[in-house]
Each structure stands twice: as C-alpha cells, then as structure tokens.
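Order as written gives the chain letters A, B and C; numbering starts at 1 within each chain.
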C-alpha cells in the first residue's frame, strides 16, 4: 500500500468517511494510526476509549473515531455508531495500492494466441498460456501462472505466485493472495480391487466479482460442470474448496476451513476458522458457523451452529457446560447409588 | 482436459466401460454430462433416478448409467451394480489430458549436468537442478522446481508451481497438483536453555508409482533415511506429511489431514478430512478414520475409528448420542437427588 | 545436505558433541545413521536400546548414543543424559548445507534500485523488487519473490518458491521453506448492507533472527503496525498466522495450527499440531497447548491446556475419562430411576 500525502481537515474527512465531528473540525489529518501506537496528525479508532494508555507514547493522534465522545480526552472526535466503517473508509482514503507499470514485463511469457489488454500488467516470470484472456486493468504478479483459455475479469489482482489452471473464469475486481491454486484436480477416485482409478476432473471453476482469496487457498475444478464462487465472497488463508462446491454471494470464510465436494454454502453465511463441512450438504443463507465446527448435515437458513457434530449453538453451549460438570456428576451418582444400596432401596 | 470428438454407440461404449445395455444400443454418445445439466448426445450417471428433475432443461442426455433401469424414463440405460465405475471409465474414454509439446521450453533453466529425456516436457521458468533426472514422458509444468539429484519417474506430471527439493525419488505416472512441496525440512529442533538447535534433516523422500498429491500438500524429508509413500496413494489438498512418515499402498487421504513425524499409515487405509495423527503411531491396514478424528494411539488393522481422542466408531457414536442427552441427564439427576433428600432417603 | 568425508574418532567426536565415551574411544566415525538402518562406521542414537533388532541388517554401526551403556551390546557408547542433544550435534558436525554459488543468477530479475550483497545468492527466476535489501550471505532460492523495500537479514535462507511481499523486515539466519507466504493481506472486511468493504492492510511483518517457517505457512501483514515474530521461533508447515499476531522468542508451533488476528503467543510456548486460537487473546509465557486444542480465552503463563474449548490439561483428561463412561452412566441412572419409581420412592 502507498500512503498518500493528503492533508485533510477533520470536517472534510467526515464528509468522506461519515461520522459527526465533535470539536476541532479544522484539525488536519494526514493518515490513520492504531490506538496503541499514536502518530501525530493521524486519526485512530478507539473501540474502548477507557482502555487507552498513552503513558509511554511521545505523540498524540490528531483525532479519534469513537461511538461516543469521551470527556476526559482533550481531542477532536469523529462519532459514528459503526466506528469500524468510518475507520475502513479513512484507511481507504489515505492509502491506495501501488500501481505497477502497465504492460507485459520483458521476462514474462505470454502465449502468442493469448489476449492481454494494454492496460493490464504482467509481472516478471509470469506465464499467460494459450488463448487466455487478461482484461483491462488486471494485475498479474511475478511468477503467476494463468492456464489455457482462462479468463481474468477487469481490475482483478493476482499477487505474486498465484496459479490458475486452464479453462477457469474469474470475475472483476478480485484479489487473490500468493500461493492460491484455482482449478487443481478435484479428489475423485473410484476404488477397485486392482487399485484406485482416477476420475478425470473435466469441469471448471467460475468465480464472481469482488472475490478475495487468502494465501495458499485452494479451489478445485469440478468433476463435471463447475465449482462456483459467487460475488463478494471473502475467503481467508489455507482454505480448501473442493470440486463442485457452490458458495453464495457475500459469504465470508475464515482460515483453514475445509468444504468437501458438492457442498453448497449459500449467501451471507459466516464461517469461523477451521470449520469443516461434509460433502453434499447445504448450509442455508445467513447461517453462522462456529470455529472448529464439524458440519455433518444440512443447515437451515439463519442457523447459528457450532461443535462437532455441529448443532444449534445454544444447545452446543448447554452440552459444553454440562460436559464440564461431568466428573462432578459421576461422583454425585456414585454417592446416591451407594447410599441407596446401603439402605437397600435399590439393588 | 480435452474432449475428443468421438461418436460411439452405446453398445460400443458398454464394451469399453462395462455395463449391460437396456434399449437403444445404437444411440450415439459423444461425451459425459452431469445429471443436473443434461446435454444432448451425452451420457449421465443417475445414482438416484427418482430425484431427476429436468423441468428446466432444454436437452436430454443420450443415455443414463444406472444400477437399475427406470421404467418411467424413456431413455437407453447402461446398467451396472457399480455405476461410478462405468461413469469413471466413460469419462476416461471421452477425455484426455492436453499433451504439452515435448522438449524443454526455451525459457526454462536446466542445469548442464541434469538429464532430461527427449520425450519429457519442461515448461517456462521451470528449473531442473544439477544431476536431476527427468525420465521419458514426464511433464514439468511452468515454474516448477526440481532439486539436485532428484529423480522423476516416467510419465509423471507436475502441474505448474510444484517444488521438489534435492535428492528425492518419485515414481511413475504420479500427478502432483500446484503448490505441492516435497522434501522440505522436517520439523526437528532440540530445545536447550540457550534456544532451539536445528536438527539437520539429512534424509530424503521416496514416492512410489501412481501417487496423486493435492494442491499445496507438503511432504517433509526425513531426519535420516526416508519419508515414504507407497504405490497408488491418493492425497488431497493441504495435507501435512511429516518427516519419516510411511504410507502404504492404495491408501486415500482427504484434505487438511495432518500426519505427525514417524507415524505409519499402512496400506488400504481411508482417512477423511481434517483428521490428525500423533507422532510415532501405527494405523493398521484397511482402517477407516473419520473426519476430524484425532488419532492418539496405535490402531489395529481393519478398525473403524472416529472422534477425539479417536475410538472405535460405534463407541464414539454412543458417546456422542449420550453427550446429546447430557443436559437432560443432569436435570434428571438433580430431580432424583432432591426428592431423595426431601424424603431423607439420602443425605 | 551434504555429508562430509570426515573420519573422526569417538573420543574426538565426544569433544564436539558432548557425552562420555564408554569403550572403543578410538573407533572411527564417518557419519550418523538411524538405529533402524545401521551403517558401518556411523553412529546411531538408541533411545530404547532394548528394542534394537538388527537381525535383518548386514552392518553394525560404529557406536551408539545412549543415556546408559548397554551390557549385552558389544559396541562403544557415547553416554549423555540428553542423547537427542548429542545426536543433534553429531548430525550438525557431519552434514552441512550445500553452498550455492554466490551472486545473482543470470536469469533472475533484480530491480535496478534493489541492493543485493555480493556474497548473497539469488537463484534462477527469483525476483528482487524495487529497493529491496538482500544482506550478506543470504540465499534466495529459485522462483522466490522479494517485494519492494523488504529487507532480508544476513545468512537467511529462502528455499525455492518463497514469497515475501513489500515492506517486510526479516532477521538473520532464518530458514523459510518452500511455499511460505509472508505479508499477504490480513483478512479484514467491514460488512455493510451493500456487501463487504475491504479494510486496507497497510501494516507490515517483522520477523526476528533464527526463525524457521515450514512449507506453505502464511504470515499475514498487519492492518496497521506489524505482525511480529520474535527470535528463535520455529513454525511447522501449513500454519496460519493472521494479521497483528505477536509471537514471543523461542516459541515452537507445530503443523496446521491457526492463530487468529491480534492474538499474542508469548515466549517459550509450545503449540502442538492443529491447535486453533481465537482472535485477540494472550497465551502466557511457557504455556503448553495440546494438539487440536481450541483456545478461546486468555491463558496464564506456565499453563498446560488441551481440548475444545481448551481447559487445564488435567481437567480436560478428567472430562475425557468421564465422557467415556457416559453411556454407562445413563444406563445406571435409568436403572436407579426405574427402581425408585417402582418402589414409589420418587415420582
């Protein structure tokens, strides 16, 4: 990212980021800093202003983004019920990606029949294979591989070292981090007495617009038809998305999640880290899946689930609380049983 | 994959794939489609013909692969008790891998003392290091790295971006997906009061024939001797195979599994996704390990295990069922205890 | 690794590795072998000498590293209470890394304003981006990417295929295995009714000295400030280290662990495989975290925890033991309840 040399008054910033100004609207803001490391002339987000400890800091920020103004702090505030939103807009205002040079690096390899838009950028040692299409504004980092007939939509960015195999379709404004592999073979084998026979994976992958994939995440190609990721889907690092999986719009998936073959995660689902999904199930729209959950069945829209096997989150918490009492429970039962037997109430 | 322009009658196809023809043996089949997206002139596998819904489809397939013919469907059938096997053979008949050009790409780097067979293919920006041997028919994708003295057996295929370090031996007809790393350092450190001392990892990796490794899977080199993977072993994406692990023939390992150092997974074992294995244990031949299992001890041949710590699968299911009843159990115990105390049956 | 042609007497070796010599101090040792595959003239570590079975071996080692001499074995011994330490030193004495040629490979790409020390080595198809600094003795493997303004400290080694993005700082003598990604975007999105807005990740990564990262491990850049890894931290394969995580000196983290955003793992912590950490928690110095643990809260220094949610390890074992008795417990309760009801002791 690049920090721009912008000098903006708090009033002007509020017009861009949202939020109402409390005191010092003429304060000049040049960037965003963290609340732990205040920088003069920068604005910081304070989610819990009571915990601020600047005793060791030599500088103070120019202003704070808060949900409520804080009397004891002698600073201007940008007040908003959703401070993260204001913070996000401020970061986006002050920082932008470095723009690589347009055009194809002399040491990249582009097949003669590939189609690279003039405004696209192809880095050193990247390979654009036969009949691939790289649309306007696309950035292909160093050492990336784009397979034959694959299409990369406008303004999509591939960090260095991304591999997209043949016949894949990628939408616009996506960001794929380094080590992402799209279109590898799905895990399909038919066991026979003479060994495993590979099921050719002849389908593809289709990814929508505004999708972000984390470092070293894998999206396998389908056996037939396509593995599909909708629009505005955000996926963290080291996630496994198997063949023929379908993921709906706006869904967010945290690191090290695994989604088995043919499973459908509908739109607006939130999946916490390390959760796993059985193959061939449907996780309904708007569901929330807890960290490390093991989802073994269909999930109704709007569910909140956790645990393994994943259950309704409230039930899971009850079971968990009960489990904590289990050693005590056994002791109590032993005691009751002994007393009843001693009194010959029971055998 | 490449779809061949084959026009084959259902009778002729059955001779290749197995299965008995029901009706319309003269029907011409040109390819394989999925049951959800029927394509005219293609054959589809119908595992559950009663669930077929083609109300929105504009085309019908030429024939279906089924376990039993379905009266209400006016289509020819290929009938077999194992429809997946027929489906697999049909896919293999109609689709074959693209054959890259033989020879070394002008922008690959091959060490002067490396040995690349004339029928092998080495892609752009691939590196074949000193004294490596690339046998006949091998395909090395773009950007792959093959370390010094490493041997790649005949007809093995490395997708783009595979890294195989020095002194490794790979068998024939293997397929390694992008991002695979073979021969990285095993995780060996000796803690001392002055910090961790690295244990040099001076062993190697030996991989048999017909092994498939999924994207971003790691196989570490041994501390001494070799990490070994047998023949016909199939490993999914993002799997960790630590130093000195041994895996027997025909074993299948799903995504995100982790196998700790020195553990032996014998032949014909099936491991579901996200399972983890303690170091130094032996998992006996033909065992089945459930998803997310945590295997902490030796496992007898033919076992079926699940849960954490992994137990016999039936026991694990009983415990799981009992766990679901736990909140209710506590309530019942509370009630009994209270009544007995009220009656002064117990203290 | 390279095995040196060293002929050393056991007495001389003991002076290097530590340990007291029992018998045959003049025995010549040329290398280290495993106890399972003895090699003449080599020394092996025997952690459990009673289990030695050389019935199928044609050779015997020159000597053994043991905690106690074994009468029945007619061999010289190197005796030490910590045989692993002696073994480690012996391996380090007999084996050293291959030294690649110094200098920049003709087919690497180094930006004009990058600074590569003359004693550094940059492999084929590696990219050193604008204003990056590669210090003395650094080894950059084939196909690595070092981003703009990133600094790599002296004698650090990047195996082939490592990606380090812009503005990152790496210490001295680190070893990063293939597929490592450092400085990818942290997973930060602000959900709105119109979709997810990306939070720009404008922070960086700072890594200390003597850090080792396993294959395909990811370290995300911070939102603001830095994701920090201390000195002598050892991380295995496929580990996720999220944005703004802090890891203290000497900590060891096994494969497939996931650490969520802003979490602090203090110094001298040991984390077993597949453990996961909630975001924003602190794991105190010297703690030991069990395999597959799910850590959801702050952890006091010196704790030993396991399970999900992670608890004190002893409590976790008690709960686990109790869980095993659960089906039996339910049966007992049913029996008591029935008898009491039959006798009308309870309702």
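In this text, a residue touches a chain if its C-beta (ideal position, glycine included) is under 8 Å from a C-beta of that chain, and two chains touch if they have at least 3 such contacts.
Keep in mind that what you see is a predicted model, and the values were worked out from it rather than measured.
Asker: Do the two copies subunit B and subunit C share over half of their interface residue numbers, or under half; same or different?
Answerer: Here the answer is different, because the shared fraction of interface numbers falls below one half.
Asker: Angle of the rotation mapping subunit A onto its copy subunit B, from a C-alpha fit, rounded to a multiple of 5 degrees, please.
Answerer: So the copies are related by a turn of 120 degrees.
Asker: Quick one: subunit B and subunit C, Cα centre-to-centre, how many Å?
Answerer: Each chain's C-alpha centroid was found; their separation is 26 Å.
Asker: If I count partner chains per residue in subunit A, which residues reach a count of at least 2?
Answerer: Where subunit A meets two or more other chains at a single residue, that happens at 125, 143, 161, 179, 216, 238, 256, 274, 323, 326, 329, 333, 336, 340, 345.
Asker: Which part of subunit C faces subunit A closely enough to touch in the complex?
Answerer: 109, 125, 127, 129, 143, 145, 147-148, 161, 163, 165-166, 179, 181, 184-185, 187, 189-192, 195-202, 216, 218, 220, 223-225, 238, 240, 242, 256, 258, 260, 274, 276, 278, 294, 308-309, 311, 318-319, 321-323, 325-326, 329, 332-333, 335-336, 339-340, 343, 345
Asker: Would you mind writing out the residues of subunit C in touch with subunit B in their complex?
Answerer: That would be residues 1, 3, 32-34, 36-37, 82, 84-85, 87-89, 91-92, 95, 98, 105, 107, 123-125, 141-143, 159-161, 175, 177-179, 210, 212, 214-216, 231-232, 234, 236-238, 249-250, 252, 254-256, 273-274, 291-292, 320, 323-324, 326-327, 329-330, 333, 336-337, 340, 345-347 of subunit C.
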